[in-house]
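Chain nomenclature is as follows: A, B, C, D, E, F, G, H, I and J, assigned in order of appearance, with residue numbering initiated at 1 for each chain independently.
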Amino acid sequence: MNKMILDELSRDDLTALILRAKKRLGLGWAEIAARIGMSPVWTHSAATGMNAFPEDKARAFAELLGLPDSAVDLLVESPLKHWDQAVPTDPCIYRLYEIVGVYGPTIKAMINEEFGNGIMSAIDFSMQVEREPNPKGDRVKVTMSGKYLEYANW
Amino acid sequence: MNKMILDELSRDDLTALILRAKKRLGLGWAEIAARIGMSPVWTHSAATGMNAFPEDKARAFAELLGLPDSAVDLLVESPLKHWDQAVPTDPCIYRLYEIVGVYGPTIKAMINEEFGNGIMSAIDFSMQVEREPNPKGDRVKVTMSGKYLEYANW
Amino acid sequence: MNKMILDELSRDDLTALILRAKKRLGLGWAEIAARIGMSPVWTHSAATGMNAFPEDKARAFAELLGLPDSAVDLLVESPLKHWDQAVPTDPCIYRLYEIVGVYGPTIKAMINEEFGNGIMSAIDFSMQVEREPNPKGDRVKVTMSGKYLEYANW
Amino acid sequence: MNKMILDELSRDDLTALILRAKKRLGLGWAEIAARIGMSPVWTHSAATGMNAFPEDKARAFAELLGLPDSAVDLLVESPLKHWDQAVPTDPCIYRLYEIVGVYGPTIKAMINEEFGNGIMSAIDFSMQVEREPNPKGDRVKVTMSGKYLEYANW
Amino acid sequence: MNKMILDELSRDDLTALILRAKKRLGLGWAEIAARIGMSPVWTHSAATGMNAFPEDKARAFAELLGLPDSAVDLLVESPLKHWDQAVPTDPCIYRLYEIVGVYGPTIKAMINEEFGNGIMSAIDFSMQVEREPNPKGDRVKVTMSGKYLEYANW
Amino acid sequence: MNKMILDELSRDDLTALILRAKKRLGLGWAEIAARIGMSPVWTHSAATGMNAFPEDKARAFAELLGLPDSAVDLLVESPLKHWDQAVPTDPCIYRLYEIVGVYGPTIKAMINEEFGNGIMSAIDFSMQVEREPNPKGDRVKVTMSGKYLEYANW
Amino acid sequence: MNKMILDELSRDDLTALILRAKKRLGLGWAEIAARIGMSPVWTHSAATGMNAFPEDKARAFAELLGLPDSAVDLLVESPLKHWDQAVPTDPCIYRLYEIVGVYGPTIKAMINEEFGNGIMSAIDFSMQVEREPNPKGDRVKVTMSGKYLEYANW
Amino acid sequence: MNKMILDELSRDDLTALILRAKKRLGLGWAEIAARIGMSPVWTHSAATGMNAFPEDKARAFAELLGLPDSAVDLLVESPLKHWDQAVPTDPCIYRLYEIVGVYGPTIKAMINEEFGNGIMSAIDFSMQVEREPNPKGDRVKVTMSGKYLEYANW
Amino acid sequence: MNKMILDELSRDDLTALILRAKKRLGLGWAEIAARIGMSPVWTHSAATGMNAFPEDKARAFAELLGLPDSAVDLLVESPLKHWDQAVPTDPCIYRLYEIVGVYGPTIKAMINEEFGNGIMSAIDFSMQVEREPNPKGDRVKVTMSGKYLEYANW
Amino acid sequence: MNKMILDELSRDDLTALILRAKKRLGLGWAEIAARIGMSPVWTHSAATGMNAFPEDKARAFAELLGLPDSAVDLLVESPLKHWDQAVPTDPCIYRLYEIVGVYGPTIKAMINEEFGNGIMSAIDFSMQVEREPNPKGDRVKVTMSGKYLEYANW
């Protein structure tokens, strides 16, 4: 019985399959994203199980990477977003956590001053990560755009 | 003895004093920032004890808000950056934490693909928070720029 | 210096003042809410510092309870929403936490099936708490209404 | 020996089996619930191991989804309700947690004012999740009903 | 302003006042309980802010201990039940925690076997602590009685 | 090598085996306990690895359930008592945890008043779980008896 | 009102008073202990609020250190044993924690092999800390003696 | 590939092998220790992976228990000392943790008074666990000896 | 499907393979490091998955240890740096954690005094671990060198 | 009574006093250290309560900074080393924590390979923090030296 269940492709299996296919095909995320007509950030995020593909994008993505048929079903499902570490240990990700700790209250103050009593949505949200050339050493530019949501009162 | 110590202005007292003066003078962060020639994000952050003012900015800031003389000494000190909640509860700040949880591994992958084996600095770093007009509802735009730092090997 | 700062009314002081005035005047939340034209849930929440009053409601509320002038300024500020206990210990509040633990994945599945890949907003959100008469013992009815927010893809 | 044990169907295996059968049959929770004469919320909750089926419902459910005979035994057992994350990371579930943090003390105050010294039961409890049409964007409506329980004194 | 607020009797102040009066009067909990017609467990629990007194008991209790008038208002309020230590450090209380860890799943199994799919209420609940004479050394006998609550299904 | 090790019966395997045999034989804990001459609470606790059987009881228990020979060795070993959740999530077990949080200091006060400076043992300890008939709904009665242990001083 | 309460001597105040008196009198714990006829470990532990003095020892101790009359009442009370750090940070105390981590399972195995299914009591318990001269550098010798407690079965 | 890796004996496998061999040979830790010329505490600790054997002891131990050749390599390696539970749940081990919580500051004070500004080493450290006969019930005697280490100043 | 995925070499598998090959070849880290022209600290760190090899070093390393072809791909990838224990339990690693706890604020003060408002980089960073001969017992010398990074202001 | 206690100088008061005197006198740690004949790291650490001064150094330090007489007593006491944050949030201190996370196992491996089965002492330990000139930007050099301690076996 369990054997039967284990033969099914899990979301984690699919992620492993995707990463292997990407390596075998020698494709970068930017290129994969361009081919399916999405941004690199969103494509990586959906490919690794943090977002759901619309069906047409799922098909294009599966075809491009040569994934099995059952992959499309998984790619379009709303994933359970899950992370294990309340404080991330990877230095690259920790720096982002640190930015939230140091500048979180400032971002809140900026939003309150400019917009009023509300927040930036993390759902109606998009993000770009780009290279910013700089003679003193290039910089990473992260641009976030989230819809302003006003608190209701009733 | 303690009384003498308690009469000193602490960094938290200073923050309270600044917020009161700002309210009394009817100034916004954007205006205060413009007056001292810095950005609003940085000004709020330094005013509330998450960054240190350069001495000339500290003087300009103290003069603008009518702070006592001892304030300048505190404003230029490297603060101990401290936050209590590993997972922030305020919804506006939590959304940023959630973005790190959901998109942290993606940002790492983007940096690795574009730059190599390194990270975005949170020290040689700047940030803007802006209004992005949008017919479906205005958006909050957060732009971060941090120097790319490559891992050494030796 | 600190003395001066301590003489200011803090948000916690204001909450204490409000609770005392309410007791002295013998008013219930339902009655206070009716007088200022808001719902009891929202009124309690804003009075105790978990939501911000619109200015007219702040004035009506302050007048009704005989609060000092400086109260209005505090009542209209976007509060830092803060709670100390990741798992609440009070039995009445814990039961709500338990409901999230037991039924959280179910609510997610219901939203996904009915609406698609999105969530219920906790910002564009309202709630009622009512008595539901029942011959086997009256029941507490909690009704939540939050805007459906669809995940963006880009 | 272990092999023999592993051949048994565990509760987690059963959940996987149920989700696969549901997908294969193309059934939604609302439809499954209607067919066995229960609500969608309760059906999902019991199907995924957070509640126990009465025996007749278990049989109807197993028959509808074509589950093996041993499934009924598991479906009627009182499950050990278990969740790993004190603070849930999935955004859809986190919003509910946030609502408990922000409005928990308010719900307590409403219950105390309306009923007295007691709580809303999470055991003698039911819940609906519905679509609430709205011209500004449809809303998710969650209705909870729990028996009021008065504290004993002795 | 704060001074005025600080002059109010807080619940913690009241507990301190009660403990001092009890010591001054040389009364034990058993005797206090007998005088107001309640059990010792409940009396201690309500006196120290973990339960609310009915009004007549509050008056009797306040009179017996010579508490100020404002005490009655506090004694009848539904307290916010709060404890700081998820795992209690005091050895006497830890042993109870250990009993829950070791025998919790057993108590659940006993309830499931004897009653069905439900729990023992901690609200409609009472408890006695008694001496159990024993030639090998007297024993502490703790008797709990909580209403059986059956899970609803709907 | 590992294969050889994995073929051994672990304590968790044994628990699974016991639960399966119990179900197959249609026996309740009360009946199993009566057959081996122990109480139901203790029998369940020892069967599921939270207590050690005396050898004669282990043999009787293994024979009754038809366990393999190697089971007796495991049943008589002092188990490592282990639980994962500092705060249990299962509602039936959580209610017991809540009782410790709410009434723990009270039980300590009762023991101090009646016995002196000591605790109730959780080792020289026994417990019963019984049905308490009640016209308003039957109740669960839990009776604990632990030896009073006085703190040494030296 | 609070003023009156604050004028009472708290247990923490008393500890501070004791440490000050000890320093003023130039007494070590060994000497204090000898004067009141107890061991140094126990004396320090009771003086700093982790154990309760018998009344005669409390009187002798209070007289020796010149404590106020109200001190005796506090010294004989069963203290709430409380520590804040689940993992102690002080290096001297951490080493003891580390010993429990490294050798805890070994001590359990030694007790099980030598005594049977039971534990070492931490209540009927005493301890000495001594200097052990050694040519390679003197050593700290800690000797613990706790009554063996056998698990009951019933 | 993984298969090859999994065929290697891990340290946990070795511990399982040792415990099985010990049971099969009917040897106690005291006897095993005597045979290889070490103390029982140290032997158990090294056998279960909390200490490293010197090579001659590893050979004697492996020969006595009939362990495979590859065992010696593992037995002499410096193990990564690892424990999962910051607060141990097993009652026998918890009592030791409790002793550190209650008496840790006292042991520190004793060391400071007798030796100066330093600690007891947990590395240059040894321990015995013995039976202490006592007419009121035998006692467990734990004796620790650790080198005194003085803090450097520079 | 899973089988196919499991046949791939994971990073953890590779670490196990490396440690086995190192033992089989009888090589120390110092020697391996010398052969590939890197330092021992960096070599161990990269070999065990905490740093990424440049491609030429990866090839030299893989050839020296006889690793399979697929190893090079893994060795050059930016690893996700991950550790499980917020407070490490291994005594050798804990001492380093303790040094950060005790001397962290001092290192910050030294950097602020000598350099200004900035930090030591942990990315543009190198470290040596050496033996420091000493007649009173040799010492471990750890030398860290990290680029000074000044906080930006903008 | 409390007033009397509060008038005493606490260790935290003393630290505040020291920092104020240092600022008033315009002295850096390097200069203070040179004047009392100690290193800057040690001087800061002892001044801020993480180490104890020898008596002569305490006197020199107190005289230099014009501290009150009672300061010397506090400066020579073995402090309780205490830190609140298991994971430090200040970026400058966090980088050190990160180094322990990333390189801790490597340092352990280096010590094991070079010295054997032991650790680096954090007690018989010293540290320097220096500027390392570098054309690409100066570097922070941290040098630690701790006595190698070999595990005992017995």
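FYI, contacts are C-beta pairs under 8 Å (C-beta built on N, C-alpha and C of every residue); 3 or more make two chains touch, one makes a residue touch a chain.
In UniProt terms, the chains line up like this: A, B, C, D, E, F, G, H, I, J = Cyanate hydratase.
Bear in mind that the values here come from a model prediction, so they are computed numbers and not experimental data.
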> E-F versus C-F: which has more C-beta pairs touching?
Replying inline: E-F
>> Please identify which of C-D, B-I or C-F repeats the interface of E-H; the criterion is that more than half of the contact pairs agree.
In response: C-F
> Any idea how many Å lie between the Cα centroids of chain E and chain J?
Replying inline: 47
> chain A to chain D: how many Å between their CA centres?
Replying inline: 29
> Centre to centre, by mean C-alpha position, how many angstrom separate chain F and chain G?
Replying inline: 32
>> If I count partner chains per residue in chain F, which residues reach a count of at least 2?
In response: 41, 51, 78, 80-81, 83, 86-87, 89-92, 98, 101-102, 105, 108, 118-119, 121-123, 125
> Which chains touch, pair by pair?
Replying inline: A-B, A-C, A-D, A-I, A-J, B-C, B-D, B-I, B-J, C-D, C-E, C-F, D-E, D-F, E-F, E-G, E-H, F-G, F-H, G-H, G-I, G-J, H-I, H-J, I-J
> Quick one: in the complex, what on chain I touches chain A?
Replying inline: 1-2, 5, 8, 73, 78, 80-83, 86, 122-123
> Of all residues in chain F, which touch chain C in the complex?
Replying inline: 87, 89, 91, 94, 98, 101-102
> Taking the complex as given, what residues does chain C use to touch chain E?
Replying inline: 6-7, 9-10, 13, 16-17, 20, 23, 68, 85, 87, 89-92
> Which bits of chain C are touching chain A when the two form their complex?
Replying inline: 38-39, 41-42, 46, 51-54, 57, 78, 80, 105, 108, 112, 116-119, 121, 123-126, 149-154
>> Which residues of chain C touch chain D once you look at their complex with the stated criterion?
In response: 28-30, 40-41, 44-45, 48, 50-51, 81, 83, 86-88, 90-93, 95-111, 113-115, 118-122, 125, 127, 129-132, 134, 136-148
